[in-house]
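What follows is chain A paired twice: with chain B in the first complex and chain C in the second.
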Partner chain A sequence: MPVDFDSRPRAVAGRAPDVFDPKGGFVPMRSYDEDEAVDFVIVGTGAGGGTLAARLAELGFSVVAFDAGPFFRPLLDFASDETAQNSLYWTDKRVCDGENPIKMGGNNSGKAVGGSTVHFAMVSLRFRPEWFKSRSALGYGADWPLDWREMWHYYTVAERALAIAGPVHYPWGPKRPRYPYRAHEINAAGRLLAQGCEALGYRWAETPLATVSAPRGKSPPCVYRGFCRFGCSTNAKQSALTVWIPRALKAGAEIRDLAMVGRIEVDDQGLARGVHYVREGKWRFQRARHVVISAYAIETPRLLLNSATDRFPQGLANSSGLVGRNLMTQSNQAAWGRMEDQVRWYKGPPSLTITEHWNYEDRGKDFFGGYCWMGQGPMPIEWVSVQTGARGLWGERLRTEMMDYNHQIGVKMVGEMLPDEANRVTLDSDTDQYGLPIPRITYRWGDNDKRLIKHALDQMMMSLDSVGATKLFRQEDDTNHLAGTARMGFTPETSVVDADCRSWDIPNLWICDGSVFPTTGGVNPALTIQAIALRTADRIKALAIRGEL
Partner chain B sequence: MHRALISPYTNYDVLEKRDSLSWNDATRRAIAKRLSIPRVPRFFSERQWQTLDAVCRRILPQADDRPPIPIAALLDATLLIDDTQGFRTDPLPYDQDAWRLGLKALDIEAQAIYGAAFHVLPPSTQDGLLSRAQGGDLHHPAWQPMTAQLFFEKRILVDIPAMYYSHPTSWSEIGFGGPASPRGYVRMELNRRDPWEAIETSAPRIQEDPYAR
Partner chain C sequence: MQEGSCQDNGSHTRDHAAPEGGAGSSVPDAPMSAELAPAARAPLYAARDLNRCSGLLALSVLLDSSVEHYRGNFHNKAMYTPLSVSTLSLAASVHGVTGRRPLGHKTRLAVFALAIVTGVAGTLFHVYDIIRKPGGFSWQNLFYSAPLGAPSALTVAGLTGFFAERVRRGQTQVFGQDAARLAAITSAVAMVGTTAEAGLLHFRGAFHNPFMFLPVAMPPIAAGFLAYAGITTPRTAYPFTRRLLTATSLMGLAGTAFHVYGVSRAMGGWRNWQQNMVDGPPIPAPPSFSALAFAGIAALRLLGAKAPNGPERLGATKTGATGAVPRA
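Now for the complex of A and B:
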């Protein structure tokens, strides 16, 4: 963690930062005693945990939500700068291996109240309905124990809660309501993507984005500053930090920032009784009736494995042996080229237009799964990493190529990778700053993944070629979002949690984040994680009413 | 032959926007700190620093017409406060150890092949060694547990460019708008430019031997 940021907790003594106050004020916050068994402890406050904290508190449960990261005030803390914003990411020690090791850090992780939604690209897409039954309907991966029609309802709820800006008619999939806010203006990079799609005969759309196109409450409309992936300094972005956390606080949840949960304690009956966590250098214990882990696909299995006891020597919720397994990332390859025109792709959200053509078209594929591609607007450091990573450039040649920055265009895929038990998170013998064993992350692309990537790269190159781009090249090695490692399913033998995100082994232990995905689809996962969290909250309430909690 | 790289944005200085609506206080603080970075080794030893500085000059040869970007100092500071991405990829050690080990190994290779320290070799010879590292053609045991190729790909070609393009001078050079909060941008279309964006005066070009004409 860089030393720039004041590393003392801010959510203490009955108040929490008011993220909308430009003067650095606070909002009142309910506080719970550590000896008081709260209804729910939630570990993590991102797309899963943040959403769940708000909804459970609104449904009348007592909630304490922990985050290992700081409670930022975007208006005061966030610079318009790639480097200075490194404090948003999970940069604790981790080790990666395998044939295609995953790049961690800023690529796919967050360590802040609000989790990685603080720096996500705001792309808010629904799954294709068939993906919830990918095994039985499409012949690959695993079926979800969720019905797409129910998910369609929760997607709508999530889109309203986040005031998603998107098109009136979305061109793929079953009918959906129009997006709550009008679509954003399309920048030059987005226009060129659209032109390329039209040349290929594919539909395109304005990307549904979680940043407002008109004022909403205390959020001003997006000013197109382009640094979305390094934190939104104006609060136009509808992240967990600006949407769900304020709702959670208002409904009586307590948020504990800079509080790293290291172990879940299980009692003699095999039930979770609370969490051990570090805050301000001291190990502490919070009692709870239920524990929810929402720490994402690396930290969730790590916490379950690190909580092993004599009774659960393989780690908690792991009688299936599947905790940590079936880790999935998404292929994130790109095609890049140069236009004679000035594009100046740094303006506006990076992915203003999209084509989901190959998510919905199954003919002509030699692989399972789908992918979309979106327009791009990398900042200089990310752009130079493409030039060095994909082309190996350095010296005078590198500096010259970089001077073409304002003429560059690109399209980047989000592609489905298939679950594979050998891709997994395990514990390493090395420990982190808290003394906890660090995760080892092992990954290998399968043959299907490689075929999908090749298909997508060919398609994306054609689309750039068709708009007159020159000096085309492929970026062959990049991945992004994570999923898997605690999959939901139909039986305790083949999954870690049930459809309600409740662990099969420990009835008061829940997992609610991207870890529960049995497959990952060809779209960004944030909206689906939030839809699942909304559903889980409703299910918990229903179970409580029936006395089945 | 002397060659000079000429930026297409000759009259653009992103720092002129420093006190404008395109910069907020958090950005001003972050950039002020970057511009005043101490230009002495604090993380690296003197010898490592000399090697690093020589490598930086080859990976990103600097402009003649602007003050040089202190790449080595920026990397030194980054490693000193551990402002890294945190993870490591087998068999590379964590960034700090990888850099110390890699610079030492590069110097050992230079000594073994040319009988001189890396930083005193002629630039073309330095380029030759770096190309061999990139191509996986340096195999001294001093690289272990990593390889010269991995060090070149994952550290040299990642960290040195990241330092260079974190500096406002590089943003001016490529015509990047730079910090943009709270004002942002208005004109989003092709070939449109807000008044606070860079004016492109020419295509990027390499001027061969500019003093001979």
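Now for the complex of A and C:
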């Protein structure tokens, strides 16, 4: 791993790293003056911010996008080593409390140009259409101000942009166009999931993944080495870093890496003026006509709260009091077991097959919401932490259990947790390395969440049992993706932003990332975040044309 | 260029003068009229053309199954079979091409029969490999399990060799059917089968390069014309069909170049050839189109020889070359 990222940004002096150049070359980058009020400043370059930066620049706006993390060159920087890749995660100081504190870090937040998508697992799923109307159609959570048909269109655009490799026919939900790339070959772990589903009478499918199964531009096809959640060192992965950031740069956006935004400045009229950020140890200010926050569900509310002024003492965009509230994670429990034959589950992307049965089946449930489960392939150190954490193994027993690594199989859920105002992000009195108050993250599983988890664990255990796995055990504690804390909605009283991701309170302040989700659904969120960002860009253009920006 | 490799390309004058031809009882010795001799010799030429094709197909099978079965770790001992049988077929074909006696050969015949049977058995094995997996006949298994169409290439190699044996002996009938027609139709059908295989695998590759549509679009047209020639009254010349087949054979060679390029696009490119040759696009696969196109051209020659107005090749080879390429 290269050293010293914290002090030396790479995207400077009119050029940015060429992520596809194995020799460490650069691509030209447009640079803007700090005194020049650019059309859009975007804070965060992940699924939301990266997508938006590319699209806004392509639509002709001037864009400067900031990321607190480094600008990696996957071909040169990424090691096939679990611990070496820790530098991808957001591991800044945070306080986690509540009845079920969320474990923060690698499992749920990235800190890099490209955001969490740099080390995400590439699972690219669409919401079930009814989830956009959870409250009115299914009786729980909140309705989204978005129409599923419009989202269907943007999902398609996102899937094309990311060359998603998926099955020829997806067995759930309304018709969708064929995935741009064909599904990957499934590994033994994926096949066992399929067998389990067939035994239970459920449908299964190859998981649509954002890694290519055939060459695409400068991306080679996936080599099935399975380091996806530690950064893909081949660029087969279609992350924001390899897809949206190159597009953004080409269209004239400037990316500032290792640039932590600490405060949004608001002027006397109550409009955002720009952002204060720290880069190379110095605080700076970038002027902007519009500010977009895409810093994900913890850092977005933190920045809004940290930007409080006399005029907005509760923090920006917070007249509803909902900034930081309704934080959601997703349940990520697992069932594990052992097969007589070798499985070698680490081969290939971890989640090659999926069943969304319980996302689309409402009968026989004693809970609201849905979940899916997918094949698994934890790397050895990850697997040790399951053994020590979920099973409390240590010493000789741990050693013998680890000898079974190649025989192990497992399935893991992604389950919907319901929004609850008490689950929230607030500011703590402690400060981080930049001198900014750190977030306090409070979380508790609701009764509905617990019923859903129990249902899923029972089902997953049955599926493992039906393929002849032995030594079954449940991992009861894991959670993963985040959402909520700046929900979109229909009115200023009940939400933070409108359907266009524009804050109700400050017309030139936008929020475009996973925090706008009113509910989180039973699928991984990144494709939905990208679809929303694509829509937001089009809406901004339309509003600009009408003079309503 | 295919003319040189699979067709006698007007070199009949040289063959013609070869002394060993005298052994063929069906060919009259001594002064042969220019009209008669080539017609009488046509079976031998055609047989050797067919052997070139069976050899090329066998070579393609040998290389392809070596790589693919190595990739499959030879986990089943039966996976060595196509390697040995295709090697034998290749040897028999070479023997056929170099042999100038217009007589059948028992060992060759046996080898080709073995190739036919092996191909059929291989297909059954591959079907079994597909249906035993979850999902059965699903796209996933068709894409990534043992390729359904691959073993039939060995069957076609065997059949082509088998026809060559019959034709060489001057037999006009095979399996109770006209040999020339059967050769044309077999190549046409095999070409459609190969197209299906290429189509499946290029679909798996999401047609990410527009050129990937070519082997799906062109061979069926050529095969259609070839099959049409096989079922209609023989004509002296088939200039258009020939051109299509020539183009198809060139496409097969170009396909190899594309696959070489495809390997370079995988992680590590050719520096990592040990992995990428195995996992990337199969380099030995596209020439099977060339082999089948050559077989088709040979079949056209046989048909031409049956035409009421004399052998097709006379009309086509007046200038020495077939004239097919330059005048396309």
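Note that the second predicted complex is superposed on the first by the 542 of 549 C-alpha atoms of A that agree within 3 Å, B and C clash if a C-alpha of one lies under 4 Å from a C-alpha of the other, contacts with A are read in each partner's own complex, and residues count from 1 in each chain.
Convention: contacts are C-beta pairs under 8 Å (C-beta built on N, C-alpha and C of every residue); 3 or more make two chains touch, one makes a residue touch a chain.
Since this is a predicted model, take the numbers as computed values, not measurements.
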(request) Following the overlay on chain A, give me a clash-or-fit verdict for chain B and chain C. (result) fit
(message) By the touch definition at the top of the document, which applies to A:T388: first (chain B), second (chain C), both, or neither?
(response) first
(message) Under the stated touch criterion, which partner chain does A:D341 make contact with: chain B (first), chain C (second), both, or neither?
(response) first
(request) Tell me which partner A:A84 touches in the superposition: chain B (first), chain C (second), both or neither. (result) first
(message) Using the superposed model, give me the angle at chain A's CA centre between the CA centres of chain B and chain C, as a multiple of 10 °.
(response) 90
(message) Going by the contact rule stated at the top, is it chain B or chain C that touches a larger number of residues on chain A?
(response) B
(message) Let me test your reading of the model: by the given contact rule, A:L316 touches which partner, first (chain B), second (chain C), both or neither?
(response) neither
(request) Applying the touch criterion given at the start, work out whether A:P215 contacts chain B, chain C, both or neither, answering first, second, both or neither. (result) second
(request) Using the touch definition from the top, say if A:D97 reaches chain B (first), chain C (second), both or neither. (result) first
(message) Once chain A of both complexes is superposed, is A:V278 in touch with chain B (first), chain C (second), both, or neither?
(response) neither
(message) Under the stated touch criterion, which partner chain does A:T234 make contact with: chain B (first), chain C (second), both, or neither?
(response) both
(message) For A:I186, using the defined touch cut-off, is the partner it touches chain B, chain C, both, or neither? Pick first, second, both or neither.
(response) both
(request) Give me, in Å and rounded to a whole number, the least C-alpha distance separating chain B from chain C in the superposition. (result) 6
(request) Return the residues of chain A at which the contacts from chain B and from chain C coincide. (result) 185-186, 191, 223, 234
(message) Show me the residue ranges of chain A that touch chain C in the complex, using the header's touch definition.
(response) 163, 167-168, 180-183, 185-186, 191, 194-195, 198, 204, 206, 213-216, 220-221, 223, 234, 236
(request) Using the touch definition up top, name the residues of chain B that touch chain A in the complex. (result) 3, 5, 7-8, 22-27, 29-31, 34, 58-61, 81-90, 94, 127, 130, 134, 153, 157-158, 161-162, 164-166, 170-171, 173-193, 197-198, 200, 204, 206
(request) Write out the stretch or stretches of chain A touching chain B in their complex. (result) 1-4, 76-84, 86, 89-97, 101, 103-106, 185-188, 191-192, 222-227, 233-234, 341-344, 346-348, 379-381, 383-385, 387-389, 392, 394-396, 398-400, 402-406, 441
(request) Using the touch definition up top, name the residues of chain C that touch chain A in the complex. (result) 133-135, 139-140, 143-144, 203-206, 208-209, 262, 265-267, 275, 279
